[in-house]
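Note sheet for the following structure.
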Amino acid sequence: MKISIIVGNPKPASRTRTIAEGLVDRLVDAAEHDVTVVDLADHAGQIFAWPSEELSELGRTVAESDLIVVASPTYKATYTGLLKGFLDRYAADALHGAVAIPVMTGADLTHSMGPDVNLRPLLVELGASVPTRSLYFVTSHMDRLDEVLDEWVAANRSALGGVLPADRGLASAGR
Amino acid sequence: MKISIIVGNPKPASRTRTIAEGLVDRLVDAAEHDVTVVDLADHAGQIFAWPSEELSELGRTVAESDLIVVASPTYKATYTGLLKGFLDRYAADALHGAVAIPVMTGADLTHSMGPDVNLRPLLVELGASVPTRSLYFVTSHMDRLDEVLDEWVAANRSALGGVLPADRGLASAGR
Amino acid sequence: MKISIIVGNPKPASRTRTIAEGLVDRLVDAAEHDVTVVDLADHAGQIFAWPSEELSELGRTVAESDLIVVASPTYKATYTGLLKGFLDRYAADALHGAVAIPVMTGADLTHSMGPDVNLRPLLVELGASVPTRSLYFVTSHMDRLDEVLDEWVAANRSALGGVLPADRGLASAGR
Amino acid sequence: MKISIIVGNPKPASRTRTIAEGLVDRLVDAAEHDVTVVDLADHAGQIFAWPSEELSELGRTVAESDLIVVASPTYKATYTGLLKGFLDRYAADALHGAVAIPVMTGADLTHSMGPDVNLRPLLVELGASVPTRSLYFVTSHMDRLDEVLDEWVAANRSALGGVLPADRGLASAGR
């Protein structure tokens, strides 16, 4: 199973990335799968470059994934321009066949609706299937990250249905 | 498999209903399943009544469905107040466990984004899984209904995945 | 100056109404203007009735207003079906020429974006000018209502510009 | 009066720019005002650079404007990442005091709702007043540009109210 994590934070190694990785860890046994993390902070200088072999390669890897976690901090009540710039490089429907999970982080609850009203429609427009709720995480709650992720997975695992491999029960049973 | 169709048109037996029923016909062999059509035009006088045994019963039937097609004409760029009034009667997360497909009809392409930016988030808020694209249908194209529905089903069947019964291949093969 | 307040709460005399009335009190000296309150809880049984002289009359009064405060509790992350049902009765662009202020109330900050992403576009679609920010009010803060309204008015008065009568400075100076 | 036009098209000298400039020409006599065009295609390499004196200077100029026309082609049903990247550089409420007009261009009517549901809330979040309807322009209608802009200005001039200078009547009278 191929999994990609796209992190739209202009700062590398962000909490947004930690949260997205934590989510994937709860869904599958990462060691047994092919997980690619695209931390866009490392590629910001190329986002508007045409052509860019570096970004084309990343784009292909993501598009071939079975599961894509798309994570962004909240900037102006929605996802970042960095994330949008990366996704804008795709042609229409380029993510068809993939399942995507929208994840956004924010300083408080004010922008809780951001992932469902902004990021989700963007992923649907790109052709991805978005069967679960979004995950919105308040960054001041990092000490409760495990608990929040466990709750999200419990509530949304069934919606991911056949996407997850048969070992998914084991992956979480080990926790 | 239990299937519900909610039709939010204040006029009964609308084209919106025809389209929603046509979609279900393409997804399953309706004769072999338990299909309930809730044409809200028939219940408009009860929408804001508390309590209403009639509406509570309808609400229960819909919430117990495996698949819910939620269809509305476009009023003011979004779903109708009639549909929202019906869905407002549910408690949070009441549709958890169901898969929902948002369907909207409009006079032209102007409000094509309506189902994805308005109806989809509403169904997600209610706890439903919305794994497919929405279907937006321009009512002046009724003569092309079969073609449009066939295209939609071809593009979205895989996202419905395990929701559909094993006979789904046969259901469409017969067409 | 004609002012209307539409309250979309199915329960009459709601906090949502109190908040909307408090906002108008801060914008103008209500005693000197023609203020109509349409508490939709009092008309719920007529919302889907055609024709309805009662609702047509209310609709005309609102449409002739210079300023319309449109207030709704948050149901399923957006405005109520009761409010939408009332507004659905209008033809396209029926509120052209009026300035509208979107107001929503909620139990916590989770749905803060509701008025800006859902109610505002609805009012724009109806032809109203929506020059200010929306007001989202957390109902557990009723003891801080005066403070919140004063802050909102201070931040948004200039955007209302020429809409308010020349006495508006006096109206607030008296507080 | 200070006016800024922000063009979010990654290609310079785009039709999107032409349309935005045409709109400003209809609203004021450009020769008598201070009009700045920020064609983001010319600054794409700096969008994610920190610090960037070039972008800070542009940002200041825009934020000091009385009127800002924000124009973007439609990418994935919404504004471009290039535009969002530029606007992300602002602090919250940085455009307070300015009036903004959302403009989007698209290949057909499919994404007509884009400016009202996506670009408008972004500008409101930045603190701008957005009193008019958005302008969505189908680029295959470039031969009808004058007509479309004239209609838009006729319908929205009153909502711009006191923003426009007293000579605005003359500006349009000359056409």
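As written, the chains take the letters A, B, C and D, and residue 1 is the first residue of each chain.
Simple rule for what comes next: contacts are C-beta pairs under 8 Å (C-beta built on N, C-alpha and C of every residue); 3 or more make two chains touch, one makes a residue touch a chain.
Note that this is a predicted model, so its numbers are computed, not measured.
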(request) Mind listing the chains that sit against chain A and also against chain D? (result) B, C
(request) Indicate whether more than half of the residue numbers at the chain A-chain B interface occur in both copies; give same if so and different if not. (result) same
(request) Work out the mean Cα position per chain and let me know which chain is farthest from chain C. (result) A
(message) So the centre of each chain is just the mean of its C-alpha atoms; given that, what is the distance between chain A and chain B in Å?
(response) 28
(message) Please tell me the distance, in whole Å, between the geometric centres of chain B and chain C computed from their C-alpha atoms.
(response) 31
(message) I'd like to verify one number: the distance from the centre of chain A to the centre of chain C, where each centre is the average of its C-alpha atoms, in whole angstrom.
(response) 38
(request) Going through chain B residue by residue, note those that touch at least 2 other chains and give them in order. (result) 77, 113, 116-117, 121, 125
(request) Sort out for me which residues of chain C touch chain B in the complex. (result) 10, 44-45, 47-48, 75-88, 90, 92, 118, 121-122, 125-126
(request) Note which residues of chain D are touching chain B in the complex, please. (result) 77, 108-114, 116-117
(request) Show which residues of chain B lie in contact with chain A when the two form their complex. (result) 96-97, 99, 113, 116-117, 120-121, 124-125, 127, 129-134, 155, 158-159, 161-163
